[in-house]
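Chain nomenclature is as follows: A, B, C, D, E and F, assigned in order of appearance, with residue numbering initiated at 1 for each chain independently.
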Amino acid sequence: MHWASWAAFFNMGGYAFYVWFSFGITAFCMLWEVLALRKRSAQALRLTQLLAQE
Amino acid sequence: MQHLSGIALIYKKLLAQGLTCIRGDRVLFRNVGFTLENGSLIYVLGENGSGKSSLLRILSGLLIPESGELFWDGKLIKPGDENYHSDLLYIGHLNGLKDDLTAAENLLMSARLSGYKVTAQTVLNALREIGVGRCSNLPVRVLSQGQKRRVALARLWLTESPLWILDEPFAALDATSVDVLVTRLNQHMVNGGMAIITTHQDVVINAQFTQNLRLDS
Amino acid sequence: MNNAWITVLRRDLLLALRRRSDVATTLFFFLIVSSLFPLGIGPEPAVLSSIAPGVLWVAALLAGMLSLTRLFATDYVDGSLEQMILSPQPLAFLVTAKILAHWIVCGLPVVLLAPVIGLQYALPNDALLVLVLALLLGTPALSLIGAIGAALTLGVRGSGLLIALLVLPLYIPVLIFGAGAVAASQHGMSAQAHLSLLAACSLLSIVLAPMATAAALRISVE
Amino acid sequence: MHINWFKYSSPQTFYPLAGKMIPWFAWLAVVFAIAGLYIGFAIAPTDFQQGEAYRIIFLHVPAAWMSMVIYIVMAGWAALGLVLNARLSAMMAQALAPTGAIFTFIALVTGSLWGKPMWGTWWVWDARLTSELILLFLYLGFIALQSSIDDARRADRAGALLALVGVVNVPIIYFSVKWWNTLHQGSTISMGAAPKMVTTMLTGMLLMALAFWMYTIAVALMRVRCIILERERSAEWVKQLSGADL
Amino acid sequence: MNNAWITVLRRDLLLALRRRSDVATTLFFFLIVSSLFPLGIGPEPAVLSSIAPGVLWVAALLAGMLSLTRLFATDYVDGSLEQMILSPQPLAFLVTAKILAHWIVCGLPVVLLAPVIGLQYALPNDALLVLVLALLLGTPALSLIGAIGAALTLGVRGSGLLIALLVLPLYIPVLIFGAGAVAASQHGMSAQAHLSLLAACSLLSIVLAPMATAAALRISVE
Amino acid sequence: MQHLSGIALIYKKLLAQGLTCIRGDRVLFRNVGFTLENGSLIYVLGENGSGKSSLLRILSGLLIPESGELFWDGKLIKPGDENYHSDLLYIGHLNGLKDDLTAAENLLMSARLSGYKVTAQTVLNALREIGVGRCSNLPVRVLSQGQKRRVALARLWLTESPLWILDEPFAALDATSVDVLVTRLNQHMVNGGMAIITTHQDVVINAQFTQNLRLDS
């Protein structure tokens, strides 16, 4: 482990913005995709159930 | 304008004088004239290409005749006459529907364009009347030829215009729809409306006064 | 605003934006068109920034031409044009709604995306600002003038040639002033004069184009 | 062992099967990601040239790999669907496209974020960057085409055709772009500037790539289940599903 | 040649002749796009001639795009496409006739006009020759690839821009080799390699594109 | 292929088995099957939107059914089957005419496309038969709705195909033209041809054997 402190870790040798923005946007894209899919399948299921009741 | 009951309260008349139509170098008809009053109906008859559609387009103001005048309510009709347009419903060969919109959306928009304040429910009712209620949420593109025609004709249930000009409304319709349409036309006539119609089929509409306008040369 | 006018506007927007992917299509269209030039010309930033104004204006022009002709043509073919002419509203007035819809769908995205592409083309900041301003002032004129051409070419045969030759040259002043404005600010000069001329073009066409378009539409349905 | 593939290629049997597989792949993705990130941040040393900024590599390179691989896999499913007229294959192709586009986007953004400190600019018209951008356009074209056709069967077949045309073109595009940039004056800094990769870095990247793989499979299965639900809405077996099958 | 094939070719050429405005629009667009850049950049011949190959190729590409939307659209709307599919001839074969007609109407004029514009950009004579040669070899590939996109987008919802999104990325190799050929000859190198690659692109697309287009057309009429 | 006399010399039959058509999520029809032999006729009946046009498109090979097979002359019909296409004449809702070409040019091109070597004179004769000889040099754009349809139908006088598939051929036609068309169909049946027809109008065609295929669900 070569990080002197948490602060050093977060600072990323002065490249904090670039590194954390990269990881942030990747995490955001993936989370958004998964959440959007959960919403979509819930919606689809609700619709089919509505149809089934008719 | 708000109430969509069937009763046309406006008593006006359409007068045509000396209409002549020339397309290319053919004279389609010459010196056509008539008077159309409340509760009466004109059948425009003639074989294919005799100029029926052309006459109807002239009467609705889409086509400018070679010579002759039209008067509505005693006043000369000029091109783009908004006063006349608000009393007129014209349905031509073309349905005037957008393929990408649903049947309901199409009908809603065309009613609004004519100045009526309609709701989704009134539109749905109109579609149901002519038997395409089930298709109301389908894009018009996927409808069959007859269904498209019916969606276009559903406007007859949403309009308050006293004068209807219909170009072959019965083409492509099945027997049931023809009956529904005839009933609606009868009702319009009883309410004191006026109509000008072309058709190649034999249908009987009850009007107080019926004229046949034959265009064969 | 007027009910029928809003209906026409809404209908055209609805048709254009039937699904969200269509909006994305417009945006990515500009991205693609603007990445074609570096591929043809090469990657040197200095050269790229000198052609940037031209590239963006060409993209705007192309987007307009690809879509505008189709807007009136479908109305003509399916009969909605007849119905619009027969509505109890002045046609020239309704036409403005159609043109506005077209501008929102095809003009506005160019304006909004232009700074991003400007960055890719290494444009300096003040030139970026002028670029956006110029596009904002000029693209309405493109839509308005295009509408005349689109209306005139409906259903017409031989004379269509003449019309294309008449309308397209009208685009040229807009393109020259528009690209000129950005070029001026790149060279450290004031873009004021160019921008005023652009605004004048748009104003002039807003006064004349709807009437001309309406007249052309009436002729086309005869 | 004999497996009845036809059985699993029917949406009805595939739907529950996919449901059972999703958690496995999801957990694997998490495990690989944690391992990869640990190596990437805790074990891998600082780069003597690029400082800490190089750690973007653990996202950038796997994402770039995935963006290319997914396109090929997608075209494969599309071809299968076209040839065998198998609905499920077409659905798989459709399900992969958005994920592929997202990885392409991630590769572009992380690359950009890396480029700013290293090259001093967000974007250069370099061969690799440009071909990645074009790949994004290919994905978007596929998605846009499919979503603008209402009829599902027609959308499948049109999309499949486009994917096949695209896959023939991808190598042509890749090499033409490469050649374009070497013939013109090249950009001043090339990506070869990264030093020879240390084994720890390679391990980290591989782990992250594995995580992305697992993630892709899980997400694609989720999406395929949505598509099945939406398309077979009127089928009897779908009507009998309940919220518990989500 | 085959009777039906010639019929299709003749019909499309006749139609283009009757609707000359379409052809004029394409040419005019090409002219406007390529004369726009000198306006923005200024008259220095060195700069102009360095961007000339890229600009001319991109202009040719975009001009082709503009007319592609109409390649099959009218046939689709009026039902002649159905009749073509039902004719006792292989569809992929008939499609080549349509594509050839498109090239004659939209590709050939651009090839012929290019040297004139190249002169405006101060291109040296041998580069002009290479330009014409490259366009002659490359534009058929543009028409062929474009036909696939045109067939795929028939009758789909949405704007006319979708076709651009599908087709422009596929055009990139042609653009690179085409512009590269001219640039090489400008720098005194041999354009041979680029030209052979262009020819290869055209050959490959002549083999694959008609089949893909035919398949797409069959899908679209369903 | 050269002689355009009326006699269809080819004796073949069309066999349809278990055709099912699904559009959107509606099943239009299920398990439709029939055999069609020389001299016989099928009327496809049903209300608007019941799937008549879809069935005709399936039979002509334009639409791939959800399930089911078609055999022509004992051989399975595949998509793009040139052998079948050369025996088939399909006229759908759309006329397949180019607005900017004249009636004669349109007809000439469509006959050539089907592989017939026709002259300007044969084309003119065909147009005359159905009563639009006068319009032969007019661009189709200016023709009336019925005249356009007649130009499309003039192909029936130029073809040698034994199998005709006609989707509402009588819509928009005037009474005279309907008679002319019926006569032509009768002649085709006598010559041993086959036909599959939809229509909402009452017309009587004499065939050796007539089947009604009803699609109402």
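Here is the rule we go by: contacts are C-beta pairs under 8 Å (C-beta built on N, C-alpha and C of every residue); 3 or more make two chains touch, one makes a residue touch a chain.
This is a predicted model, so every value here is computed, not measured.
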Looking only at C-beta pairs that count as contacts, which pair of chains has more of them, D-F or B-C? B-C
Same residues or different residues where chain C meets chain E? The copies count as same if more than half of the interface numbers are shared. same
Using each chain's Cα centroid, which is most distant from the centroid of chain D? B
Note: chain F sits from chain E at a C-alpha centroid distance in Å of 37
Please tell me the distance, in whole Å, between the geometric centres of chain C and chain E computed from their C-alpha atoms. 23
Taking each chain's centre as the mean of its CA atoms, chain C sits from chain F at a distance in Å of 45
Cα centroid separation between chain A and chain C, in whole Å? 38
By the touch rule stated above, which residues of chain C touch at least two different other chains? 18-19, 21-22, 25, 28, 32, 39, 42, 77, 157
Find every residue in chain F that makes contact with two or more other chains and list them. 23-24, 93, 100
Touching at least two other chains at once: which residues of chain A meet that condition? none
Of chain D, residues touching chain F in the complex: 150-151, 233-234
Interface residues, chain F side, partner chain B - complex: 23-24, 46-53, 93, 131-132, 135, 138, 142-147, 149-150, 168, 171-177, 200-201
Give every residue of chain E touching chain F within the complex, in rising order. 3-4, 7-8, 10-11, 14-15, 18-19, 74, 77-80, 82-91, 94, 214, 218, 221-222
Could you please specify the touching residues of chain A with respect to chain D in the complex? 1-3, 9, 12-15, 18-19, 21-23, 25-26, 29-30, 33-34, 37-38, 40-42, 44-45, 47-49, 51-52
Considering only the defined contacts, which chain F positions touch chain E in the complex? 60-64, 79-80, 82-83, 85-86, 88, 90, 92-101, 105, 109-110, 112-115, 117
